[in-house]
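Each of the next two complexes has chain A plus one more chain, namely chain B in the first and chain C in the second.
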Partner chain A sequence: MIENSQPKPETIQPSASHAKKITLVTKPRKILRSVLAGLTIVTIYSLATLNNSNLQLSEAFKSLGANLNAMFLHPSVGQDSWALLLRALATSVSLAMLTTLLGALIAFFIAVGAARNLAPNWLATSIKAVMAFVRAIPTILWVLIYSVVMGLGASAAVVGLTFHSVAYLVKAYSESIEETSQDTIEALKASGVGFWPIVFQAILPSIVPALLSWTFIRFEINFANAVAVGAAAGADDIGYYLFMAGSFYFNFHEVGLIVYLLLAVAIVLELVSMKLRGHYLKHN
Partner chain B sequence: MKTSFPSPQSFFRQRRLRLSVVLIILIGIYVLSMTIVNFQTWTSIVKIPAGIIWLFHNFIPTERSISYLGPILYQLWRTLLVSISSTIIASLFSLVFAILGAQTTTPHPVLRIVIRFGASLLRNIPVVAWAMILLFSFKQSDFTGFLALFFMTLGYLTRAFTETIEDLDAEKLQALQAVGANYFQCVFCGVLPEAASTLTSWVLYMIENNLRDATLVGLLTGTGVGFLFDFYFKSFRYDAAGLIVLLIAILVIVLELTSTMIRRAIA
Partner chain C sequence: MLKVIQLDKTYGSNKRSLKDVNFTAQPGEVTAIIGPSGAGKTTILRSVNQLIRDDSGQILLDDQDIRQANKAELRKIRHHIGMIFQNYNLISPLTALENVLHGRLGAKSTVAGMLGLYSNEEKTEALALLDEVGLKEYAYQRCDQLSGGQQQRVGIARALMQHPKMILCDEPIASLDPKSTKIVMDILRKLAKEKQLIILINLHQVDIAMEYADHIIGINSGAIVFEGATKAVDDDVLQKIYRQADDAKAVVSANED
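What follows is the complex of A and B.
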């Protein structure tokens, strides 16, 4: 009798704790799913509790259809004149240009103080915190707040819009400045170049495309804001006429015309920005 | 071949010349806009410090303004809900439009042009105009604000989503097609999982943006926290208005920080 005294051949059994299950559901995926689920629940709750007091939705949509028809298919100048509306449109564009230029100029100097590779850390941090606070308050509230101090009209609109532009552009500019390599700055400092020459001769030329594209984005935002300011704070621009036509005279033909004018400006702005970026990208 | 470089002198002269031309044009634009808007730069700049001091005197919430906290928090909550729900509903529609309109996944090129044009139209009508258009049909209800934000967001997100999908690697789609996946399999198993985190971060950005715009829409349509601000502001209860401004700022900053955190976690 041959006894099988041989020990059992050892096989390496993977222990359960070592086995890694390969799954598609990684941690980022789980977080993504829970965020989306949370947002969906909030949406359902908010739609269920939406305050639609005494509102017949089907009738409301029917009247919306009629209004859209009046607006877009039969636009007219209404009780204002072409000259008045075009002048108001020019005011809006000018308001946007003025606040963007003013904002860009102020923001650049503040951004130099807010860039971590140029300014001391405490200064950069505190400037960034203040700017984050200014940015968090909607533009229209800044304009309304300043309209108490300066009286309703152009000055309050310009100052309020500029305030928000500065806060926005400081963030964008300082981040662009921080992308300049530290080596360049160190090398220039070591060879004895002063602070402002470094800023204007080394940093500024290398970030012009970024600055330009941020400034132009802000210009588009400022144009939309200028219209809003006219409507809500009574600056004498196209937004004011839009507001009057829409909620006082209920003249939808005029609302339609003004919307067409705004669309025309928006299209021109988009074309200009495409050209501008193409031009600068080619040069650098 | 020999390329000729300008001498340093002429290079710097040219650069200075170009710089001065640009500066003169900018100053010209500034002066022209100043006259059109009728804005006096100096007198206004001089008033800014006084304005800030006045702000600190009157807009600081006092003990009295605490009594307004209840309605303010309620309206702020409503505004937040409207901005979230309008973004989410709009993102569902934009996702469909983006899939139909992106170059890599479009079923038909004509559809692509129609969707691009429509999105551009929605995006370029300012939110004020939307508020005015909708106010007449939907009266003073949350629904007006919801729809105004919805149309704006639809325009923005459709473009953002389309670009995100077009940025994806086209070869993966081709590989899926090569092994015989049909259109829906390509979209749901190839495109969406790949793009999900970028799309979500666009949605989060739009929620932040909409919260800011919701204040403006509320101001114009008489709903939400914007209306409450207008009401306190026009009845000279500046401390209560200041409390609203402070709470909006806090909410926006908290939202920004949360979405940055989420973006980092899902990237």
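What follows is the complex of A and C.
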């Protein structure tokens, strides 16, 4: 075998000055320290100037204890029935499921346009900019905006939640797409395969685990949002009953029960997502 | 027959260019392109199926000029040119069989391609091709569980699934051990003879090129310095092909691939 690599001679630069004082503090560390110092000053100032004349600490802790006791140790259905609360819970779960599925489907196609390795640069950049704008406005605000347009109710909640989900998932999906190797795409391109078959036959199978986990994270977010949105948009879901029990009837027993119900759903979601991911990674 | 005539290619800063490249490659023969790193081996190979667009020249495959083809025609031509790569470039979470079937995607309509709808004949053919490269029992194995040599054989089966006239091989054995190298090169030589394919192959290893190729193209600094039968290659020719690029205008970049 014939080699043609030849090491290039390296020149050693003489160091510029020997007299200069050597410091270990880098610029980022300086910034971090000044930020910490600033926060400390603000904290001390606000503690010193806090108006606490009406606060009776022992009394406050006692009622906090009583409320927590009522909520978490004596949960009950309050003035609503089990059937009603479970139905409302199911509404929240379906709201989350519907908006996540709709969002995922729409987001996948938009993400193809937002991925720099597939789409022209101007298109990818503009889609990403629009999506960043949509994401910057919280989900609840979108739901309120759509409530104005469509009237209070479940449809405003669905559209608002989907809207924000799409923006969130486009970012996650397009970054997953960008991580697929350019070489495998090129291999199919070289055999005359068109754009959409490459997307579905080469890219999609490579990124399914990433898509699944992003979609499930969004499902969890959407469930939390659906609960919050229920109260705001009057979607008649569990959030609405939580809001009524907490702010109208002051029935802390019912608040506690609803919190436990939500917790149970969250745990089930987590278990399902773990199982699904494990299954897909192992058996495909 | 593949005929490349007066191919020229300039990259932005005049680096790594092709200068007046002319050569032919015959069906039934293994044609090897050899030369130092950065000489332009990969550029030539990728010009042949227009993954790299060159500046001027003609690339005639059975008298059809690939450079003149429009987008749809190019896809059709590419479908009959198989390509295998140093890093195999398979879709690793899919099975060997699915990857072989990908060789048919170029012949399908967009929808059938998107959904991956393959006929029973195609599946039978894919299994037969896997058998031909000695991987029948691995058909349902994920590709990332196969060894490098096995993955390269899946790559060859995928290329064969295209019913190619020609297979381009971009450093196909650079990541393989000697045993897998022998298996892969034996398969490629056999395919050239039995199916009368044009096999155009980029090689780093001169000894492999001398052993397997019928026809050698030597390239240095983007220009062809030798073309002829393998038996005509002697030490003088190799000296010419691998001479240092100092005297040439182009700068040899150490990491072409």
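Operating definition for what follows: the second predicted complex is superposed on the first by the 223 of 284 C-alpha atoms of A that agree within 3 Å, B and C clash if a C-alpha of one lies under 4 Å from a C-alpha of the other, contacts with A are read in each partner's own complex, and residues count from 1 in each chain.
In the analysis below, a contact is a pair of C-beta atoms (placed from the backbone, for glycine too) under 8 Å apart; a residue touches a chain by one contact, two chains touch by 3 or more.
From a predicted model like this one, the values you see are computed outputs, not experimental measurements.
S.K.: Contact-wise, after the overlay, does A:Leu271 reach chain B, chain C, both or neither (first, second, both, neither)?
M.R.: After superposition on chain A, A:Leu271 lies in contact with neither partner.
S.K.: Is A:Ser191 touching the first partner chain B, the second partner chain C, both, or neither of them?
M.R.: second
S.K.: A:Asp183 contacts which: chain B (first), chain C (second), both, neither?
M.R.: Second partner only.
S.K.: Going by the contact rule set out at the top, does A:Val159 touch chain B (first), chain C (second), both, or neither?
M.R.: So A:Val159 only meets chain B here.
S.K.: Based on the superposed arrangement, let me know which partner A:Leu86 touches: chain B (first), chain C (second), both, or neither?
M.R.: neither
S.K.: Would you check which partner chain A:Gln201 touches, where first means chain B only, second means chain C only, and both and neither mean what they say?
M.R.: second
S.K.: Under the stated touch criterion, name the partner, chain B or chain C, that contacts more residues in chain A.
M.R.: Counted on chain A, the partner with more touching residues turns out to be B.
S.K.: A:Ile41 contacts which: chain B (first), chain C (second), both, neither?
M.R.: Neither: A:Ile41 stays clear of chain B and chain C.
S.K.: For the complex, give me every residue of chain A touching chain C.
M.R.: Residues 1-2, 4-6, 181, 183-184, 186-194, 196-197, 199-202, 205-206, 208, 284.
S.K.: What residues of chain B sit close enough to touch chain A in their complex?
M.R.: Its residues touching chain A are 26, 29-30, 32-34, 36-40, 43-44, 47-48, 50-51, 54-55, 59, 78, 81-82, 84-85, 88-89, 120-121, 124-129, 132-139, 141-143, 146, 196-197, 200, 203, 212-213, 215-216, 219-220, 223, 229-230, 233, 238, 245, 248-250, 252-253, 256, 262, 265-267.
S.K.: Residues of chain C touching chain A in their complex?
M.R.: Listed in rising order, the residues are 36-37, 49, 51, 74-83, 85, 87, 89-94, 102-103, 105-108, 110, 113-116, 142, 158-159, 162, 168, 205-207, 238, 242, 244-245, 252, 254.
S.K.: Across the complex, what residues on chain A touch chain B?
M.R.: 27-29, 31-32, 35-36, 39-40, 42-43, 45-47, 49-55, 57, 60-61, 63-64, 67-68, 71, 90-91, 93-95, 97-98, 101-102, 132-133, 136-141, 144-146, 148-150, 154-155, 157-159, 224, 227-228, 231-232, 239, 242-243, 245-247, 250, 252, 255, 258-259, 262-263, 266-267, 270
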